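Contents: one structure, followed by commentary.
So that you can tell them apart, the chains are marked A, B, C and D in the order they are listed, and the count of residues begins at 1 in each.
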């Protein structure tokens, strides 16, 4: 299993690279296997500390089950070849409990140790239902670690603090991709500390860390797929307690985000999440993410320019970090 | 194909009957096939005018694909044995375009003529995406009729009037399970008349019909699964222009709904839609709906009593209608 | 007092005519007294059945107290000269209970028999607070009739059905400017019938009336200030039970509303309510409403065109009604 | 004028002390003048750095104009006797531009240098309207400083980043009572730095300061009215860059907030803001706030206990700070 203690540093959220034509309704076998391997190898080589696959931007919703298996398998094998204990979490969110269990069975057979789990979202779930859902999965797979996926737009509501308090009692739940800093963050920290590693977004990390330096020792980042250096620089600054450097990079990351819809209007962004993420990845070039799969392949042109500009700013940041690190 | 003109009268929205234990995470083959046949035969015998399967309360989200096939097959065969031209719409909503197409391929092979389609709901879809999604399905299946599923809680937003205007140009889209009467209803009617049969809920029918007596000649009803007589009485009253009778039954239907959460708070109801619907069906006894499948099997006790009381009132209504009809 | 029984027919919601320059921050004495008199006399002469002043579009929020007194006084005197028993309701909504009481004291001295009351809106009010607020006013003024103002955008939430049930027990509360038809309308009708005259918007009237022909015998209309004939035609059609005529005019009213933001997006409209209403009134010419007072004098140009087109359609409707009535 | 540079340290948000019976609709002259003087003197003596009066909890909405004048006058005189240059901001939010100008005229005559301004809230205001509103006030009073009041529940929406960017160009706008930390905070900082002092809540201060140590050098606090020591301790810790002490007090402040509705559910809290604030003040005893004025005097009992428990925790914090400071 992956333990709470094992989750530290930068956890990268990855896309599922797609072949040309993957945005067509009649496409099949759309996973770009070679690019998947390359992406994971490059991430591992970069010194990243964990990998999460098959969330929203990882197109959990739009892969066929067969494609999901293909992608999971190649990813698992690539990671395992590098280090069988490397923290890897694979998405298994579906429309219901039984399908999710079936997906995890498949992963279990691949020796996967961690899953990344949002909740069924056709109907919004109340507190009792959320707790029961995760408890059922944990009871069914006593040896698989769970990273919670807290995305209020996707799953129709936040995970309430009272639910976090209950989930913290489930030993298999070891981490959470957290949404963003609000006053609720501090309440959630208080009820999960020592049990669930709450992962802020990299641009929230410094602000979360300053209050809980012993616990907030990891972040999630999809921007790392535009080039991981800025986030690794932030990690290293926090590890050595260099606040000036942490502040320097945090404010530059914010500047890079400024033209990106994700920062301007999260609710609106959530409609175009997948396509905009893939566009910025392709612009930055660290990974060739390829087209978004239907029906989420459509995005208004005015948002595309912002995603590209954001990626260009990120590349400037990568250069600035290299320069500062070299000196 | 089922044409716009073929949709008239009462269209029943059905549950997917479940065997005991279907609310367990480790259940399989949960479809109660015998009860499914019985339910459909009884509906057909009652004089109902159309059947819709596998919406929200029909547990499209929580059936395994294999169970979905089993249920669809027995339903199709039962209906076809009665009348191959009977308006039957089967749900094929999934998390993405390609999975929905694969489901419809299966239905096509069964000679199914109508599908009932909500949209993928992991991410909310914008206007252009909704239009493209339905157009893609229609283009792929030129001989299958589509009933739209407009449920703002499930699918993260209403279908905007401008989208209805575009969907009305797609010949395969012939009907819509409409959500409820608001001023938007009249705008939606103006852009769809003659092309998409907008189906109000039975309790809205009189109010919708009075403005558009030539077009609003059908309604949807899940309450019909508590006993179809009240809704058939309303249909007959409207057909003969008997406003006093239509008003008499409409206000009694409203009275029956009064304790039901669906009427008191639709957003809250949407969390417990499936379980509460099945509870009222089981209380009324017209169909044995059985337990709700996970994760939607949990419902607060305070809402259960209201669902049962609603069903008891509905049975009183059935009796009152029989008495009035006999006289 | 004005009784429940006295409220029947068309209740017109009026603007507060403003002199040129009233949209300036340094204006004072902005009420156009002559136009106010003319507006009210013309309404009374038209056969309208009730008048409501000083709601949202009546600029209750943006008149100084002194202007409010001036306007109320001239309006009261004009109506009283016509008929002291004519149903007239004057707005007295303020930021708190005591200021509203002080305003009503002023009206009481003018022999005003009816007030139009929304609730304080700095903080949203819960059910108990709403009931207490209205009860306090009713207890303080046992001889003044109250028309409730149910506007969820202005007052941060609808009046819940449970609150209507309690308010129906207060004898002074005799009417309600109702927001729009939703399933909640029927529940609200059931708990208020015989006690609070629920007034639908004129374009909802037929649909509300068909269910409750003995109770929904009045509507509110601000469109009547673009020319009252279409709404009076609808009233007369309903009075004689002429459904064809009622449907004919209702659907044309809907057509006239089509370009108006109020119909397209009520939440967005609520930001520009006052200015857009005054623009359509000025375009139609029945009343010279003049500029909107600050800070609500600003409106995006794209919405202005729709308001003007709506007014032009309304004038076509006035002509059509005259033609049909003549024949 | 009060300049951007003058705003540093802890800015206390105060209630308007009320005499017994102030929660009655027939009360008048409800301001407890003696307690007002005492409250302000005690705050000034404590070393607090600024005072804000007449916001939401300061009952701007529910004081009569005459009471508002009484309270403003005694507050101004008490502060001026201490230090004519002390940063004091007095609320003048009303339902419209002209009434707010009239209120500020009164304050101007008292030599008041700062006003605290939310926007009219009957109708929600769009970006252009917000900018115009504040610009009008600033142009009218070139020598009065403005603190913005950003409260999305009271004023129907946040102040968008694009609006902050425009408001930052108005020299009289020198500060902002900011709502809470979200990703938007960083964007707002970027467009206002050096022009508008954004004041976070005291419990957000450390997290805001760590990113912008040169700019976020002041916070707002209503909890300071339960006893200012914890917030002053935080201020001193940040001034000397003592992160451990800042973290120690910040996390204890969070612990004190834990039972308070304001932290658990801000939207629900906003309904009962005034009464719950006054209850916690009275429980802590630093100021005798007295009853809340109608209609906001009603609060569900379950929320009262949490407010009191919060105040008791705050008093423990005061004791802990004294102990730590003494050592």
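To be clear about the criterion, contacts are C-beta pairs under 8 Å (C-beta built on N, C-alpha and C of every residue); 3 or more make two chains touch, one makes a residue touch a chain.
Not measured: the values here are computed from a predicted model.
Shared contacts of chain B and chain C, meaning chains that touch the two of them, come down to nothing at all. Note on connectivity: the fewest chain-to-chain touch steps from chain A to chain C number 2. The most distant chain from chain A, with centres taken as the mean of CA atoms, is C. The geometric centre of chain A is 38 Å away from that of chain D, both derived from CA atoms. Each chain gets a centre from the mean of its Cα atoms; for chain C and chain D, those two points are 37 Å apart. Centre-to-centre, using mean CA coordinates, chain B is 52 Å away from chain D.
Residues of chain C in contact with at least two other chains: none. Across the interface of their complex, chain A is touched by residues 161, 180-183, 186-187, 190, 203-204, 206-208, 210-211, 213, 243, 247, 250-251, 254-255, 258, 263-264, 266 of chain D. If you check the complex, the residues on chain A that touch chain B are 25-28, 56, 60-64, 94-99, 101-102, 119-126, 128-129, 132-133, 136, 140, 153-154, 156, 270-274, 293-296, 298, 300.
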